[in-house]
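Chain naming follows the written order as A, B, C, D, E and F, and within any one chain the residues start at number 1.
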Amino acid sequence: MKKLLNYLDKRMKFDSASAHCDVPCGIYDPITAQISALTVVRMVDLLTEHFENMTGSADFANRASRLVTTKEEHAEKTKHEVRIIWGDFMKEAHTQEYPELHKLVHSIMKLASESKQHVDREMAVQLVEKVNEFAEIFWKIKGEETVRAKAPYAPNLELVYRKV
Amino acid sequence: MKKLLNYLDKRMKFDSASAHCDVPCGIYDPITAQISALTVVRMVDLLTEHFENMTGSADFANRASRLVTTKEEHAEKTKHEVRIIWGDFMKEAHTQEYPELHKLVHSIMKLASESKQHVDREMAVQLVEKVNEFAEIFWKIKGEETVRAKAPYAPNLELVYRKV
Amino acid sequence: MKKLLNYLDKRMKFDSASAHCDVPCGIYDPITAQISALTVVRMVDLLTEHFENMTGSADFANRASRLVTTKEEHAEKTKHEVRIIWGDFMKEAHTQEYPELHKLVHSIMKLASESKQHVDREMAVQLVEKVNEFAEIFWKIKGEETVRAKAPYAPNLELVYRKV
Amino acid sequence: MKKLLNYLDKRMKFDSASAHCDVPCGIYDPITAQISALTVVRMVDLLTEHFENMTGSADFANRASRLVTTKEEHAEKTKHEVRIIWGDFMKEAHTQEYPELHKLVHSIMKLASESKQHVDREMAVQLVEKVNEFAEIFWKIKGEETVRAKAPYAPNLELVYRKV
Amino acid sequence: MKKLLNYLDKRMKFDSASAHCDVPCGIYDPITAQISALTVVRMVDLLTEHFENMTGSADFANRASRLVTTKEEHAEKTKHEVRIIWGDFMKEAHTQEYPELHKLVHSIMKLASESKQHVDREMAVQLVEKVNEFAEIFWKIKGEETVRAKAPYAPNLELVYRKV
Amino acid sequence: MKKLLNYLDKRMKFDSASAHCDVPCGIYDPITAQISALTVVRMVDLLTEHFENMTGSADFANRASRLVTTKEEHAEKTKHEVRIIWGDFMKEAHTQEYPELHKLVHSIMKLASESKQHVDREMAVQLVEKVNEFAEIFWKIKGEETVRAKAPYAPNLELVYRKV
């Protein structure tokens, strides 16, 4: 094999489908962020309930530690998934159509951080709501209809679903 | 603080909701496994297309490498998500009601491994189908209705969705 | 470089050694799962001992948190390593020869989850025992003899070792 | 130990130092993002050089694969580090003082994604430059002076450093 | 494409810049290890302060758990970053010029482990100091001048910086 | 709960078993490092064989990429596992008894890095050998006898095993 001549052609022309995205092109879905945000609320509920009957046992500490860690991971996942859709899928043009977009994403980051820092239901519920708003914008951009419905698992808050 | 007396009581009595699960209790959803399986198909399609116009450029190699890695990650994620639902949520009793369950999960592991090893659409499509079957059983156990519908992103295969 | 003709040949013919496995072919060894399961027991022992002299100090909380996290990681690792051997190495044929295999693997998942949820020695010891059974089947399939011997580190439970 | 009375007091009052941040409070430093962005350029250079003498050897493929992976990881790290500082440290008030902030962060996400997708020096150099701008704003907010100087390692581009 | 003849040439001749390193060649910087070591001290300070007003609330436990985890991660990161520079960048020849190098690295590993095990400021400060020594040797090898200056974030200990 | 008085006692007195180690105390076993090193050799063999029948297919690239990645991961794991035993378990005193210890560990780091950079059997075999030497010292310190025997999986090199 020899040195390749076509350096001009180095930057490959991808098909239009992949031109606007990181890999995996097109398979963006805010549902993962929404499930994670909902899990944050669930962990807050379980932590609150858990500390109502506090004991000094290893088992108590074990469960407390695991609930906090799960809350942490899902708050982080919420941030990460939203960042990917915002940073990879959403274009300059979208921020003109939805001028509140950047601020919304920034507020999701803030709420997720605060949900990590505290065991505070109100904050975590707000996080779910903001991620719902984000999901709504996402599906609008994709030209899909949405519907609000209760999640089929505790804490059974409403999520914004794509209409199947 | 002192040595705790109640060692008998060491194994905490969790509420029934959490007694049957790892943390996070109850928020199991096969949709993440399904999206990952679908992504495997998408990567196979993009790889196949990519190699139809093979070049020796760094850009070609860059994209090839990223597509393979993404395929790998999502095949792994498919396995991992299915293992969690099967290993944490599903009980002995469920395997009596759905005697094919263990074999189904084992075949998902196999298909995901083979989808890692090859760039083979048929295999990857079978993986999606098996994960759909798994999702169907899951939602039946939960007492939720399901519906088959095309995914809103390429490769637009049918997924089993919970009826919202 | 040009479009490649041999699409029929796309699915490469691997040597028989690699035909039945994910990569890395052949280097499966249940010892890692066994060491992890043993570590779960060790963490239970250290946690129990630690909580016998509970204090409200940062140092106490620091160690409690680390022990729980280590228990968590090794229970997860036990599951993961067993899943790999079961899902990649073990074939349909093996499940006919060892009809209890799927159920055994499922019970390992359950025991590892419960060992995460609690600080319970009996459960963790059962986990070690089930992983030992799994190791025994594995080495039988490979045609290797095994021997039971005490592990050279606390909690010094018996592990199933391949005869060297 | 018993049920705690002070639920009103549940949301702890942290000291002002930690009130405005995720953990770890205060130790934000854009230098990690800058080093990662620089590494992206370095990988582009090494990939370009590497493909000038392409061979079909396993060693060639090995190095190509590793360079792509390293580029990928550092582009991701650039995004992640910038997201943390933006999402945790930077407040609503800062976006009023620096109205271009959200757009700047969004463009860093875009450039990092494109630097993942291609082997394109211009894009990667722009990424370094945008992260430099971000670093400059960061240090201004902190009230620290900055200086532009060449990095002490190839590709020796200018970075914005805090004046020591 | 066919079997390649040049197997003699299999081990590629990299340019001298990359001959002495893992990838990413040349972009080694001890500042990440130093920031991590400093973060360990910060976590010790926050933990100590936090336990001065201990409560039995979920919020208290939440913060305690997160501080311990962050301490853990940064102690680990300190070890990892130092290992990379020592294991990849530093040569046999350097250990002749700096005969204390191996012992220094070993003591960093020890101090980081002990900083994980305890909440002990003295130990963590020693860790920062040892990593500073390591940074000093590193920059000397690179032929760069250094300066000691207070870090711009709490706990504001002195770090060894490269002179910009 | 109130401010705790016993600050003098802050640094807990662990039992002697845990005094000399990170968590998990005592369960150190070089076998994981040895299996990883062996896997590096296996990947070199599979890569070499794979490139003997190079094609331009997606399937060829897929397998090449996966083999390189697996080699990379196991070389890294070798380093990591050795670093843990050396940095956590081995004491100053051991380096006096085994004066070559630091240099041996450093050479393992070097060989693992070079095994990442190349597809070179000789180097990878040397890595296995050095890790064997390390295992031998480890078991001597523990007062356990060892035996050299062929590994039960390709490439069937000799490993140093603890005598069961």
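Here is the rule we use: a contact is a pair of C-beta atoms (placed from the backbone, for glycine too) under 8 Å apart; a residue touches a chain by one contact, two chains touch by 3 or more.
Worth saying up front: this structure is predicted, and the values here are computed from it rather than measured.
Asks: How many links in the shortest chain of touching chains run from chain A to chain F?
Replies: The fewest steps needed to get from chain A to chain F is 2.
Asks: Count how many hops through touching chains it takes, at the least, to reach chain D starting from chain A.
Replies: Minimal hop count between chain A and chain D: 1.
Asks: Counting shared numbers against all numbers at the contact of chain A and chain B, is it over half, same, or under half, different?
Replies: Counting shared over all numbers used gives more than one half: same.
Asks: Computing the C-alpha centre of each chain, which chain sits at the greatest distance from chain D?
Replies: Most distant chain from chain D: C.
Asks: Looking at CA centres, what chain is most distant from chain F?
Replies: With centres defined by C-alpha atoms, farthest from chain F sits A.
Asks: Looking at A-D, C-E or A-B, which one is a repeat of the E-F interface (more than half the contact pairs shared)?
Replies: Comparing residue numbers across A-D, C-E or A-B, the repeat of E-F turns out to be A-D.
Asks: Can you give the whole-Å distance between the Cα centres of chain A and chain C?
Replies: Spacing between the chain centres: roughly 32 Å.
Asks: CA centre of chain C versus CA centre of chain D: separation in Å?
Replies: 37
Asks: Listing for chain B: what residues touch at least two other chains?
Replies: Residues 1, 4, 10-12, 14, 23, 51, 54-59, 63, 65-66, 69, 116-120.
Asks: Under the stated touch criterion, can you name all the chain pairs that qualify?
Replies: Those chain pairs satisfying the definition are A-B, A-C, A-D, A-E, B-C, B-D, B-F, C-E, C-F, D-E, D-F, E-F.
Asks: Would you tell me which residues of chain D are touching chain B in their complex?
Replies: Contacts found on chain D: 1, 47-48, 50-51, 54, 64-65, 68-69, 71-72, 116-120.
Asks: Touching residues of chain D toward chain A in the complex: what are they?
Replies: For this pair, the touching residues of chain D are 1-4, 10-12, 14, 21-23, 51-56, 79, 83, 86-88, 92, 95, 102-103, 106, 109-110, 112-113, 116-120.
Asks: Considering the complex alone, what residue numbers of chain A touch chain B?
Replies: Those residues of chain A that touch chain B are 1, 4, 6-7, 9-12, 14-15, 17-18, 23-29, 31-32, 35, 38-39, 42-43, 46, 49, 55-60, 63, 66-67, 70, 74, 142, 144, 147, 149, 152-154, 161-164.
Asks: Under the touch definition given earlier, write down the residues of chain D that touch chain F in their complex.
Replies: 56-59, 61-63, 65-66, 69
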